[in-house]
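Mind having a look at this structure? Questions to follow.
Order of writing sets the labels: A, B and C. Residues in every chain begin at 1.
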Amino acid sequence: MLCDVLAQIAQVLAVMLLAPLIQGFILRYEERVQRSQGPSILQPYRDLWKLFHKQLVIPETSSWIFWAAPVVAFTSMLTVPLLIPVLTNYPLPLSNMGDILGGGLILTVGTFFINLAALDSGSAYGGVGSSRQVMLSILVEPTLILVFVGITLMAKSMLPFVVNHLLVANNAVFWSPTHLFLVLAFFILLLVETDKLPIHSSTHIEVYMIGEARILEYSGPLLGLLKWASMMKQFILYVIFCNVLILPWGLSIHGTVLGISGAVIALVIKLFLVGMIMVAVQTSQSRLRFYRYQEPLAASFLLAILAIIANQIR
Amino acid sequence: MLAAHLDPLAASIFSLITIASMLLSFVMLGSRWLKDYMYAFGIQSWLIALLSALVGYYGHYPELYLIAILTVLFRGLLLPYLVLRILRRLHVGRELHLVLQPSTSLIVGAICVIFSLVLAFRISTAIGFPENIVVLALTVMFTMKLVGFLILSIRHEAVSHILGLMLLENGIFLGSQILIPGMPILIELVVLFDLLVAVACFGVLIRYLMARVGSTSSLELKRLIG
Amino acid sequence: MITLCFTVVLIAPLIAVAGALLICRPRFAEYLNLLASIVVFLAAASLPFIVHTPLFFWHNYLFLDALGGWVALCTAVVYLLASVYAVGYMRLLASDKHLPGFYALFAGFAWTMLLAAFVNNIGVFWIAIELTTLVSTFLVGFERAAESIEAAWKYIIVVSAGITLALLGTVLLYWGGSLILGPSYDMTWQTLRDVAPHMNPVLLKLGFLLVLVGYGTKVGLAPMHTWLPDAHSEGPAPVSAMLSGALLNTAMLGIVRFLAVTDAAGIGWLPRTALVVLGILSVLIGALFIVRQEGVKRLMAYSSVEHMGILALGFGFGGVLGIAGALYHMLNHSLNKSLMFFGAGNVMRRYGTKEMLAIRRVLHEFPVSGLLWLAGAVAITGAPPFGLFLSEFSILRAGFSGPNLWAAIVMLVLLIVIFIGFLRHFGAMYFGRQPESAPKGTIISAWCVLPMWLALIPLLVLGLWWPDGLMQIFMNIAHGLMGGTS
């Protein structure tokens, strides 16, 4: 029992501490692939350290939402690792707080509060960022729900642990069209949710920003919390992609110390693989213009529908 | 019926090929560039030829090997070559005036798939063969027909119309390979040649369209009304 | 004797095609085509009278029965009339070097239609119909003007897309049969009728509806008729006559044979009601577009849509009266529509325009053939004493005695509407005010007037007297279609 509680704490700590590593890995290798030097893998840690030691400046026109939003976002990112298989493939205590849909809901709470905070300070760029982010959410959320429905129909259960067991045990389901279509659909959604091309690109020009414009008013520790929260969101989504869908192996089965440390190493390796795929995606595409955002998302919607159809015929 | 007594490995290979063909028809639906459209059609024809050969192998119909080879030659190689020649001569790259955005048409295509699935379930339960491969074959056949008609409706380039018609035929061919592999070979052979002649006629007509009307887009064909 | 006639019917057009292509001389091509059409007519005229039980040829791929023979007779009649007309008309329309190609396509078109009437296999029937489309597209687009090419493109795309639906229906019906007869069997009409009572009704209904919509596109039933006004109005007049008079009948043959299959199965009211609904819709669309029409050949094309609707109603009402009326209607419509298209062609050549507003005082230009054309106009709206009146009357009688009484009443009302609309146009053309522009003085040769006489006189005769021999043939066909497995 104590082991399970410790394992669950270890899961949250793993997500919190390893998230900047993945971000650093992707940023460095994007540069390396283009034959430039690239920042060190540990640079995001240094950035966070710097931010937490800077002075906090708050606009006069903001309300309590301004300082509540980063806290809510960070907390929700700490809550989700409790619900998904990060290090162990059996449900830990407190894992039954929510299923796949619940996890998605908690992730959305953080985004929702940041949207509110951007409107809160009254700056123009905040409003622009919020409205663009919400427009993207309108395109993304139905498809995300459909993907979750597809996963649920495939495994006949809403718990991510059951999906994991099914995919490990049953090779036929792993290679079935349902699963492959769901992987493709979720991959496209992953690109949108973790701020990758072809929808987002990192830019310092405010009129080109989609979601980054929401956090322009933040500074100091609050900015550090927000950046950390976005890195953790990316990490969590990659973990869901690997452990629930595409690479469900490498999780600790009994929860021993050896198993947990092996699972951590396996997690890092899996995420480096996903990171390499993301590097390939980032360096091979350019950004779509605004009116074409629906195209990859419509393709993802179609793939989710095809997955559900293929499941009915299975 | 062959599909009723298929062993599981064959059934899953057939399912995979069928679903890949359906996915390629959606690629055709959602592509802006006519070349992508044509390559998707070519790959789909190759897949259907592979399915033909496999059905011939599992069902002991040796004449289907001939059909498979002819399908590869005519629909997989000759037809894309002819279409490429037309495209090169016309200097048309893509549809310029879209009636429906590719993304919206993909969503309409998804609705078509759901409709086909419901129809296929009803038919197969009414017949008494609720096997998966039968339902899948019927679903994909109806889907490819509906998507073909959708392409014919929303696209206006002449080459898109030709490929849409060929997609309709591909759908029927795919369904007939799984459901009625024993259809007399003469019919299949003549249908294949007939399609070749049809495409030759299309090629000649496109040349006349380009010469007399000045463009191959059907948005220009507005002289005959009432 | 029967075999000889049958072979002659099928071989003569092929000889005309080969001759026109090999010896590229225009006069030779014209006269060879004319000779072939006379030979085909003489051979086909005897076929429906001498065949009593179906005969099979060429490994059961071709067969000759009374219904096929009758449709071939209608085709042969139109082929003869159109060939006579084409000799005079095409000399006005095209230069001599295009004429051999035209006559090769023309004879080839006639051959494909004759072939389709005799095919025994449902797959090969589809192929024959597709072949008719491919050959006639080039005939429709013969003039190489922008409008002609547009009409030809629309024709081939819409009809090809439509008949793929018919192919899907054929595949489904074959599949339904294969569940009972095993994976490989001969796809003949008779086999399908024998196995139909045991076939699953869901497959039968779906297959028939798909075939109805598919071949209905080819027949020109609304709402699949959109290619018909363009194709029939843009082709040269002899081609329009062949398309309207012969091709639509051949496609209707397919629907009728499939209807016999579903009748043998006895699956209820759906197939006939669907056919009746499409027929009423066609008559309605024809009526609406006739009233507000501006082009003279498009007027004739919409009249074709209406008459195909009446034909569909006749076969849909069923019974001996309905089928006999519909078959008689086929012949009368072929004669009458050819007459109308020939007159329209003459008028178009003389006045140089297709607009009816510019065509005035036709009797002044054409004293004799103008009267023939006017008589044809009265005939085509179904007025006595011409043949179409008798056939429409039979169809109405069948309708009033059947379950679809509403359809017969609607048809009656629409026929009156068409009568008024059609004759209003002709009244304006014959007795209206003089327009500003004078007609060109194009000489219309006797070749263009003779077929109008040849069409009108039988029409008048058939309207005054329904021959007993024909009634015998019709009753045979009706019993063959309705007999089923009894």
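Keep this in mind: a residue touches a chain if its C-beta (ideal position, glycine included) is under 8 Å from a C-beta of that chain, and two chains touch if they have at least 3 such contacts.
Nothing here was measured: the structure is a model prediction, and the numbers come from that model.
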Worksheet item: Can you list every chain that touches subunit B and also touches subunit C?
Response: none
Worksheet entry | Per-chain Cα centre nearest the global Cα centre, belonging to chain | B
Worksheet, complete the sentence: Greatest contact count: chains B-C
Discussion item. Taking the mean of the C-alpha atoms as each chain's centre, how many Å separate subunit B from subunit C?
Written reply: 31
Worksheet item: What whole-Å value do you get for the distance between subunit A and subunit B if each is reduced to the mean of its CA atoms?
Response: 39
Worksheet item: CA centre of subunit A versus CA centre of subunit C: separation in Å?
Response: 66
Fill in: Contact set on subunit A toward subunit B in their complex
172, 177, 294-295, 297-299, 301-302, 305-306, 309-310, 312-314
Response to the item:
In their shared complex, subunit C is touched by residues of subunit B numbered 1-2, 122-123, 126-127, 129, 141, 145, 148-149, 152, 158, 161, 164-165, 168-169, 172, 175-176, 179-184, 187, 190-191, 194, 197-198, 201-202, 204-205, 208-209, 212-214, 218, 221, 223-224, 226
Discussion item. Please output the residues of subunit C touching subunit B within their complex, sorted ascending.
Written reply: 121, 123-124, 126-127, 130-131, 134, 137-138, 141, 144-147, 149-154, 156-157, 160-161, 164-165, 167-168, 171, 174-176, 178-179, 182-184, 186-187, 200, 202-203, 206, 229-230, 233-234, 289, 292-295, 298
Response to the item:
Listed in rising order, the residues of subunit B that touch subunit A in the complex are 12, 15-16, 19, 22-23, 26, 30, 101-104, 106-107, 109-110, 113-114, 117, 132, 135-136, 139
